[in-house]
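Here the structure comes first, spelled out in structure tokens, and everything after it is commentary.
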Amino acid sequence: MAITLTHYLVLASVLFVIGLIGVMRRKNLLMLFFATEILLNATNIAFAAISHYIGDLSGQMFAFFIIAIAASEVAIGLGLLIVWYKRTGKIDLDQMNSMRG
Amino acid sequence: MIDHILTLLIFFPALAAMLGFVVTKDSIRAYGIAVAGIEFLLSLWLWYAYDPMVSGMQFMEAAPLIPAFGINYLLGVDGISLFIIILSTFFTLIGIASLTEKRRIKDLIITLLFLEMTMVGVFAALDAIVFYVFWEFSLVPMLYIIGAWGGPLRIYASVKFFLYTFTGSLVMLVGMLFMAYFYYQATGQWSFAILEWYRLILPENFQLWLFVAFFLGFAIKVPMFPFHTWLPYAHGQAPTIGSVILAAILLKMGTYAFVRFSLPLFPDASVFFMIPIAVIAIIMIIYTAMVAYAQEDIKQVVAYSSISHMGVIILGTFALNVEGVSGSVFLMLAHGVVSGALFLLVGVIYDRRHTKLMSEFGGLASVMPRYATIFGIMMMASVGLPLTINFVGEFLSLLGFYKQSHMLTLTAGTAIIVGAIYMLSAYKKAFFGNVTNEENKKLKDINKTELVGLIPLTIVAIWLGVYPKPILEPINNSVESVIQLMHDKAQSAEAKVRIPDLSGKNGTNTMQEAY
Amino acid sequence: MFEAIAFYLFAALTIVMFTITVMTSQALYALTAMAAGMIFISAFFFLLGADFLGVIQIIVYTGAVMALYAFGMMFFDTTRNVVEKGTNPQIVFVLGVLAAVMVVTIFVAPIVSNNIQALYPIQENIGNSQAVGMVLFTKYLVPFELAAVMLLVAMIGGIVLAGKKMDKSLTLMKEEEIGGLDEGFEPEAGGH
Amino acid sequence: MELYLYIALFAPLVGSLYSSLFARSPKSQQVGIIASGLLFTSFVSSTILLTYVMGGHTVHTEMMTWIATGDLYIPFGFVVDQVSVVMMMVVTIVSTVVHVYSIGYMDHDKGFNRFFAWLSAFVFSMMVLVMSDNFAGLFIGWEGVGLCSWGLIGFWYHKESATWAANEAFIMNRIADLGMLIGIFLVYWNVGSLQYDVVFSEIGNLQPVIITWIGIFLFIGAMGKSAQFPLHTWLADAMEGPTPVSALIHAATMVTAGVYLVVRANPIYDLIPNVGIFIASLGAFVALFAASMALVNRDMKRIIAYSTLSQLGYMFVAAGLGAYWVALFHLMAHAFFKALLFLGAGNVMHAMHDELDPFKMGGLRKVMKGTFVMMTLASVALAGIYPFAGFFSKDLILEVGFVEHHYVIYTVLLLTAGLTAFYSFRLVALIFHGEERYKLFGIHPHEAYKFMLVAMSPLLVLAIIAGSFKMTYFQLVMNLLPATQYHVHDHTTFWIMTIGTQLFVIAAILFAYKKYSNWSSVPDGSSAMEKSFFYKLLWNQYYIPKMYEEIFAKPYAELSRIAWKQIDLKIVDATVDAIANGIYKTGENTRDIQNGNLSTMLRWMVVGLVVLSILAVAFTVGYNVVGA
């Protein structure tokens, strides 16, 4: 019973769905960030798996860049989060409605 | 200088308009007349230098704009565009000379000069992108004229005018881009030059789609039924000068573009769509004539009559033979002169009474006889009486289309009946009968400023009706080459039959010579 | 066989960990579960022969990112249960599953039709790190540099944003004082 | 000779332009005199041309190109041949007389100068019509006379009825002109030219069905101008115009243009005898139809107008049966006596202060001797009594009908001849004989100016002697028209027919005199006759104008209103606005998405993701399916 690409992809999508559920469920901004990390990781698995099964390194390259982006995102996101928290004392999504159109 | 006369013609008014900002308010009128006069003389010079025996483009100018995509600044005139350019400069001159507007006259004249630039640009452009740019630019001054000097509903009218025509031309732009892409696929090079597009022979299904894309842009501009509703609003709200330019020149852009783009680029599609378009044209003719008959506002009568006449122009264009297309091009000029004059005339009475409702008038013939006379002449020209300018165009357009369809022409011919009905009844309501309204009893007859505009128009309307040859001949030569080009390019058997072959005729230039 | 066992094991673990991350109401649990999940993911990378990526995953994600989150959490009240307002979990679920199915199909479809060809084939005789390095510093040099710059910018940004008024201890200050820290902005709520 | 041609053609135009210069100025006698003088010049030139043409020559000249495009070439070409010269003579004679007469008739009118501008313009158009050497040129004149007719019917533009009648005439003519135009198109696309000589020499090569259509459409044009049924209503209404206009345009010249067209296009109609029969039948019908309406009418001018209509029917009978020269001859003779009749009626109107009801006149014989004599003689000529002009032309048409074995037509025409005599003399008797009923209305009639009577006298002379030109005329036109002599070969039959007709007509005259010469009261609609169905039917012109009003005019107006208010504003425009509003509303509604709540946004993001994924899958699968 060899593990095929499909296995990995299914896993990746399951993880992605978990991430999505998190994204939709969470109101706490910090927890939301966690969910996005899950999304990114799910994609990473998919990329690495495709890369492996096709025999092309490009997939891994993308995974690297995703990691880099995730790192940056965390840095900036947390920074903003802290500023927001300092201002309002809350990190609840529902109360961030200053962008109301 | 003659080599760059088209560039001069296009940008001289624009430059003059820029300078106009520093001219004082008192002298702006004289300045405007002078600029428009010089421009008009330049266009006459263009006519003088134009060789009527050559059917192809003349005074061609070229300068690269974006060479990578084959977008070039290409200009040129042939018999089809030459006279519309002259008509544009002529009407700008007349419009400024007979301007009675008092509000912010400086802005108005500058706007008009800008408008003149765009109009000349549209008719002189031989590159699709340049054409498109001028085409869209022309909306802006007109939007401003309607929006700033118009009647109470002016904002609605101007926005409607702008959005409507703009939407149509966006579809047209897509068509142009695709056309250039197709050219790229066929030749490996990008080109937006219309003359180079002429050489392409497109597959029939492409022709159909592209034709529709171009058609939408043009049809809204013309405006063809059922895209016409912006026009009555625009005319109803626009100041006199706006209506005059709109009816005389801007509408012609659509019909001109049909002749310039649709026919030579898509001969098979033109034949394919000939009957449906003719049906639309006939609906335009009869339906809008009926609507015109029901109007209470004399300006709306003229506005709807414009649409009705544009239907005849479309019909002539899609006759796809020399008689019909020459007739429709001539009718563009004729309708420009006549409808422009009629709008000027309506403006005269509006200036005096500040109403355009016919029920307010009646018996004007005895109070303002000179006015009534000129109005009568122009009305008869509009009705298409022989020896007036409109007749030549209408006669040829209908004659041309008769070759294609007997029944449709018979139906379209009712234009001469329904046209007479609404025009005569409007004239009767406004001018005949006794003067019933006290306010009308002391109206002053037409004054010198107004005559400055109307007399030349009257002369032109009759002169070209009696002796259309100086204009008809160059038009005929250029149209012949377009028709021959269409015949040569046509693929379907039906198109080969419908579009006559002129190559056997003496003195007709073949496709290669012409373009 | 080993591969299959490893895959299923780690797959199960990852899914459980991430589910905890998403579902728990304790921020600390979430953080911890996620860190564990990250490490389990690196196992897949090793399984797939992407050794370098696996190492990076552990170092960067688990080492750096999680540490950052941990620091970040110090600012917030983490002991309290995170209260989420009710959203309709069914819709959430259906949408999520749907999306996942789509994603799977998207990825699988081209492979079924064998449309993908390797641009940068993995060479068998050299190690993964070496291969990665060759590709990364040749074909992907510009994106790599850009990523580096991005990281730098993010770092500076993070410091500037979070580091403002570091000299003041927010935990020791009174609510009114916290509110007055940002000039020009009115604090909307009076703390917790 | 070309010089004379141009003089004959353009002298009226010069007169018109000259008069229009003064159109704004108060009345000045010289305008009328100069215009008349120029008309006379035109007449003299026409006479010179006539003598030239009688010498067996024709003049054909091309002034300049008018329209030339593609294969179409239309010049301003003019031809003076045997047919057109006859028309030119008729037009110039009658119009010169009418011009001079108008100087007196329009004496007190404010629009005196304007009147001459229009009138001369009309003559110019008419000359173009008859002299043109191609169909397009004919059409110029055709529309030109229509325009002038519009201007002259509506000359008193403050009168609602006049302007209405003017518009009616113009529009009705336009309907017919469309037929004419289609006929021209057919000619062009089948022959390739509009020049008469080319068309007539090549018309035989066409398919019969096309020739038939050409004939029909050209005749539709003729029907409008000559007011044939069903386009006849405008002619009676056109009597709103000044009387000289009625004399010139609506009796002598313009309305006969249709006949002229058929005569001119005789090579076409020769090939399509079926259409000819139709024309003749319609003509006979109109002759009777119009005469019947004239029987009861109480408007002097309308009676004469119906009489004109009836006579036009005669002409069409002749033309339709191929006796073109007879038609043209009757056209000429009719022009003289009908114009005379109208001008006489004008005198009466003047005398009666624009009263038109002959029942309110009576006994005018004593005050208006000259007019009385002229109108009586004109009526005699109209009735066709030997040796007046009408006898030679009208009886000839009867003979044509007989010889060509169209006995129904013959009978109808014979009956109509009786009716004609009756209503003509009913009019004469009512106006000039009997009691002086006008006194009840306090009118003091007076005879017209002397010079007006003098001006009318050439017409009188011609109305009397025109018949004697018959052979000269025949010699002249047989060069161009089929020279068929219409003689009843059997002498006995001939004499029975001639004398019988004469007796019948005279009996009708006597009956009219007997019934009306002692009329004493003004009918008020109470008599039994006036209540009878037939009287009402005739009085209301067979209810045709009313029917047109109900069937065409009102529905058209209503439909127009619907087209504007319901379709244009409520459907077409509303659709456009609805699209615009739809876009606007979408914007308004989707604004709520941007409520600033991040989790809502996130949810939308997921929705978008799902949609995009579905699309991607659909395309991929679709691509694979199609590609495989």
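Letters A, B, C and D name the chains as they come in the text, with residue numbers starting at 1 for each one.
Quick note on the criterion: a residue touches a chain if its C-beta (ideal position, glycine included) is under 8 Å from a C-beta of that chain, and two chains touch if they have at least 3 such contacts.
Since the structure is predicted, the reported quantities are computational estimates derived from the model, not experimental observations.
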item: Leading chain pair when contacts are tallied as C-beta pairs; value: A-C
item: Greatest separation from subunit C - chain, by CA centre; value: D
item: Where subunit A and subunit B are represented by their mean Cα positions, the distance between them in whole Å; value: 60
item: Gap in Å, rounded to a whole number, between the CA centres of subunit D and subunit B; value: 36
item: Chain centre separation (subunit B, subunit C; CA means) in Å; value: 64
item: Centre distance in Å when subunit C and subunit D are each reduced to the mean of their C-alpha atoms; value: 95
item: In subunit A, residues with contacts to at least two other chains; value: 20, 24, 26-27, 94
item: For subunit C, residues that touch 2 or more chains besides their own; value: 87, 95-96, 99, 103
item: Residues of subunit C defined as touching subunit A within the complex; value: 1, 3-4, 7, 11, 14-15, 18-19, 21-23, 27, 30-31, 34, 37-38, 41, 44-45, 47-50, 52-53, 56-57, 60-61, 64-65, 68-69, 71-73, 75-76, 82, 84-85, 87, 89, 92-93, 95-97, 99-101, 103-104, 107-108, 111, 116, 118-122, 131-132, 135-136, 139-140, 143, 147, 150-151, 153-155, 157-162, 164-165, 170, 175, 178, 181-182, 185, 187-192
item: Interfacial residue positions of subunit A with respect to subunit C in the complex; value: 1-3, 5-22, 24-28, 30-31, 33-35, 37-38, 41, 44-46, 48-58, 60-61, 63-65, 67-76, 78-83, 85-91, 94-95
item: In the complex with subunit B, residue positions of subunit D that touch it; value: 23-24, 64-72, 136, 139-140, 143-144, 147, 150, 154, 157-158, 160, 163-164, 166-167, 170-171, 174-175, 177-178, 181-182, 184-186, 188-189, 556-557, 559-561, 563-565, 567-568, 572-573, 575-576, 580
item: Touching residues (chain side subunit B, partner subunit D) in the complex; value: 160, 163-164, 225-230, 287, 290-291, 293-295, 321-323, 326-327, 363, 365-366, 369-370, 373, 380, 385-387, 391-392, 395-396, 398-400, 402-403, 406, 409-410, 413-414, 416-417, 420-421, 424-425, 428, 431-434, 466-469, 472-473, 475-476, 479-480
item: Residues of subunit A defined as touching subunit D within the complex; value: 20, 23-24, 26-27, 32, 93-94, 96-101
